[in-house]
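First chain A sits with chain B, and in the next complex the same chain sits with chain C.
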Partner chain A sequence: MSGSILSQGFLPQVAFIIVVGLTFCGAIIAVFHRNILYNVLGLALALAGVAALYVFLGSLFIGLMQLLIYVGAICIAMVFAIMLSRPVHLPKPKRKISKIATGVFAGLLILGVNIGVIYKTAWQPAAERKIDWSVKTIGDFLLTKYVLVFEVISLVLLVAMLGAIIISRFNGRVSS
Partner chain B sequence: MEHILSNELGRLIVGLIVVLIFSQLNALFLVWLERKVAGHIQLRIGPKEVGPYGLLQTIVDGLKLVGKELITPKRADRILFIIAPVLVFVPVLVPFIVLPFSKSLPLNDMNVGLLVIFSFSTINVLAILIGGWGSNNKYALLGAIRSVAQNIAYEIPLLLSVLSVVLMTKTLQMSKIVQAQGSYWFFLIQPIAALTYFICATAETNRAPFDIPEAESELVAGFHTEFSGMRFGLFFLAEYTNVFVVCAVATTLFLGGWQGPFGFSLGIPGIIWFLAKTYLLVFVIMWFRWTFPRLRFDQLISFSWKVLIPLALANLIITAGVIKLI
Partner chain C sequence: MNSLTLYLLISAVLFSFGLIGVMMRRSLIAILVSIELMLNAASLNFMAFNKFLSPDTSIGQIYTLFIMGIAAAEAAIALSIFLALFRQLRSINIERARELRG
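Entry: the complex of A and B
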């Protein structure tokens, strides 16, 4: 399958560098650009890049799921919310120091955890690893070893739903 | 030739060229077909001047489109305006990698084939949105917003109806789904899923009666109002290629792909069966367009959320139950 193209020669190296570059570009646009629609599109680019990285890691399935869920569903839902918000051509509000500080703090925290995890993992060369990332294996893992994580992630959806309900209830009262 | 095709990269490159040519020819043919179908439904005869039966009419139209000036509106967002037509066209080519035209002809018969098609089809929406927003025109923006709302609403029942087939075959691989329909086609035992899929596919491709993102009478031309020349041409090509793709997927999932009815191939090669069934479905979609009036926006959205999604969910649950019990 795709594994044989991706695992040999000069071409995959170049492709990998391009993918990583695009992911970083997307992430930078997502954080620093002052036009909110560009932010979302940057995020979509970064997430699509991550999907490509999953393909490099040998799981086409996860890559496609990433594309379907994050680019296809979440980014589009975000854009939809933006379309209903403040017009982009109005003067932009100044960035608040407190907001920047919270953002930087949250980012650093996640970065720290990630670095910690990278150091603690006992890395193995690709040849010694088992590369069985079939849909069945992933399904088994999600419902046995990682069932708690799986359930906690689903809490995010609950929070999003509650948020939507609260916004729609209170907004109606304020505007009318 | 033999040795190019045995090499995977070579096969992909040859396949890509074939797909590019095919998608152009297909779009040209479908535009011609649409005008003919429209004509005959309205008691006209459609294009007839250029070539036999007017067959060369769309080629001439295409050449005219290529020759036209590319106009970028002054206040438009330059980058997004240029990216949008490209981004709308590229993802619709991806499904051709996995579409099983015949037993040996899928370019790359991946075990996640069905997922490839649906994960790339969502990028289309993002592109429409970029185009509509980037052209800085209120009609284009309204069209884009409608398109997103519609796509969010119809993507869910679409995937649910596809899932009931996946549950039955226990695979996402296109060729295996086709092989599972050796003795009977799935639309016989999954009529609700087939119907839901077809309705949603019509909506996903923004075809009438679900064409409110580009409703002429309200929104000029919707999200591609400001696009001229071949940029508009790319939107057009993407739409017709997309129609072909959703019909080809419907053929694969519900109409037995390259196989004849009840396992009788009647000596006709698989690719002919596949294309015949796909173009039959394309014809039905065109028939819809010239028969049904356009829906209102709220009717469209509530039809999806209140009728199609519960229906598709119920169908999925029943399918799962029946599979476990039998």
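Entry: the complex of A and C
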């Protein structure tokens, strides 16, 4: 999957703008809406938009993985957690204006710093670049050069799943 | 549209939304949602650098895969902690979870 096909012409540009708009809409819903279920659905929209951006960046494989893992697994797990916890129709406490102000101020500060860094830095590509988007190369790297990280991540996932089961099974019987 | 700066700007905006969410919201699940947004901004940065700058275009994809694995583990453990906390406190409001306050 090469990115250069997708980056020329009028139609891909329109598609790109739509994708970015959907991503930001999803992020806004995920952060600012009061209903927690809408938050998770907005997160799913934003994650799907990021997956489309990955396709624009030339990697169909990572985009599909994003859809599978994030939208398909993590968002659904969050919906289950919402269903098992507080009912969504109960009245919610009002937001404190000081907390909103602090959050927006910190967000804008970090955004300004980031934009400054992006524009001040002279980005230089590596001297010699290997352009290889095939999945086979990723597999080769995962089983040769990055095999230790790969194994450690599988161990971390196993331990996290076991820990999740154990934590959510002990219910109040254990005294604190 | 095909420039590194554009992708970095998108990622910076996403990260800021996540940060605002973490600082503003009180529901623990909403905070987890915001953290996922921030992780995605980081992954998008990796992929953009991978496309435009890196010496080998496989490595950024591999790192993005690793970030996804870590995020899945983190979400699983965090959601189970929320459930345990809900059973204890009957609430997932972060301002009620003050037993460990020093």
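In this section, the second predicted complex is superposed on the first by the 98 of 176 C-alpha atoms of A that agree within 3 Å, B and C clash if a C-alpha of one lies under 4 Å from a C-alpha of the other, contacts with A are read in each partner's own complex, and residues count from 1 in each chain.
In the analysis below, a contact is a pair of C-beta atoms (placed from the backbone, for glycine too) under 8 Å apart; a residue touches a chain by one contact, two chains touch by 3 or more.
Everything numeric in this text was worked out from a predicted model, so none of it was measured.
Q: Look at A:Lys94 in the shared chain and tell me whether it touches chain B only, chain C only, both, or neither; answer first, second, both or neither.
A: After superposition on chain A, A:Lys94 lies in contact with neither partner.
Q: Tell me which partner touches more residues of chain A in the superposed arrangement, chain B or chain C.
A: If we count touched residues of chain A for both partners, the winner is C.
Q: So, does A:Ala77 touch the first partner chain B, the second partner chain C, both, or neither?
A: A:Ala77 sits against chain B and chain C alike.
Q: Output check: A:Ile28 vs chain B and chain C. Expected answer is one of first, second, both, neither. What do you get?
A: Only chain C; A:Ile28 stays clear of chain B.
Q: Is A:Leu41 touching the first partner chain B, the second partner chain C, both, or neither of them?
A: A:Leu41: touches chain B, not chain C.
Q: With both complexes superposed on chain A, which partner does A:Phe61 reach: first (chain B), second (chain C), both or neither?
A: both
Q: Mind working out whether A:Lys120 is in touch with chain B, chain C, both or neither, as first, second, both or neither?
A: A:Lys120 contacts neither chain B nor chain C.
Q: In the superposed arrangement, what residues of chain A touch both chain B and chain C?
A: The overlap between the chain B and chain C interfaces on chain A comprises residues 61, 65, 73, 77, 80.
Q: Please give the residue numbers of chain A that touch chain B in the complex, ascending.
A: Listed in rising order, the residues of chain A that touch chain B are 1-2, 4-5, 37, 41, 44, 60-61, 64-65, 67-68, 71-73, 75-77, 79-80, 83, 134-135.
Q: Note which residues of chain C are touching chain A in the complex, please.
A: So the residues of chain C in touch with chain A come to 1-2, 4-5, 7-10, 12-27, 29-30, 32-34, 36-37, 40, 43-44, 47-48, 50-59, 61-62, 64-66, 68-77, 79-84, 86-88, 90-93, 99.
Q: Help me check something: in the complex, which residues belonging to chain B touch chain A?
A: Residues 8-9, 12, 80, 108, 110-112, 115-116, 118-120, 122-123, 125-126, 129-130, 133, 141, 144-145, 148-149, 151-152, 155, 172 of chain B touch chain A in their complex.
Q: Using the touch rule from the top, collect the residues of chain A that touch chain C in their complex.
A: Counting only chain A, the residues touching chain C are 3, 7, 12-13, 16, 20, 23-24, 27-28, 30-31, 36, 39-40, 43, 46-47, 50, 53-54, 57-59, 61-62, 65-66, 69-70, 73-74, 77-78, 80-82, 84-86, 93, 95, 99-100, 102-104, 106-108, 110-111, 114-115, 118-119, 123-133, 137-138, 141-142, 146, 149, 153-154, 156-157, 159-161, 163-165, 167-168, 170-172, 176.
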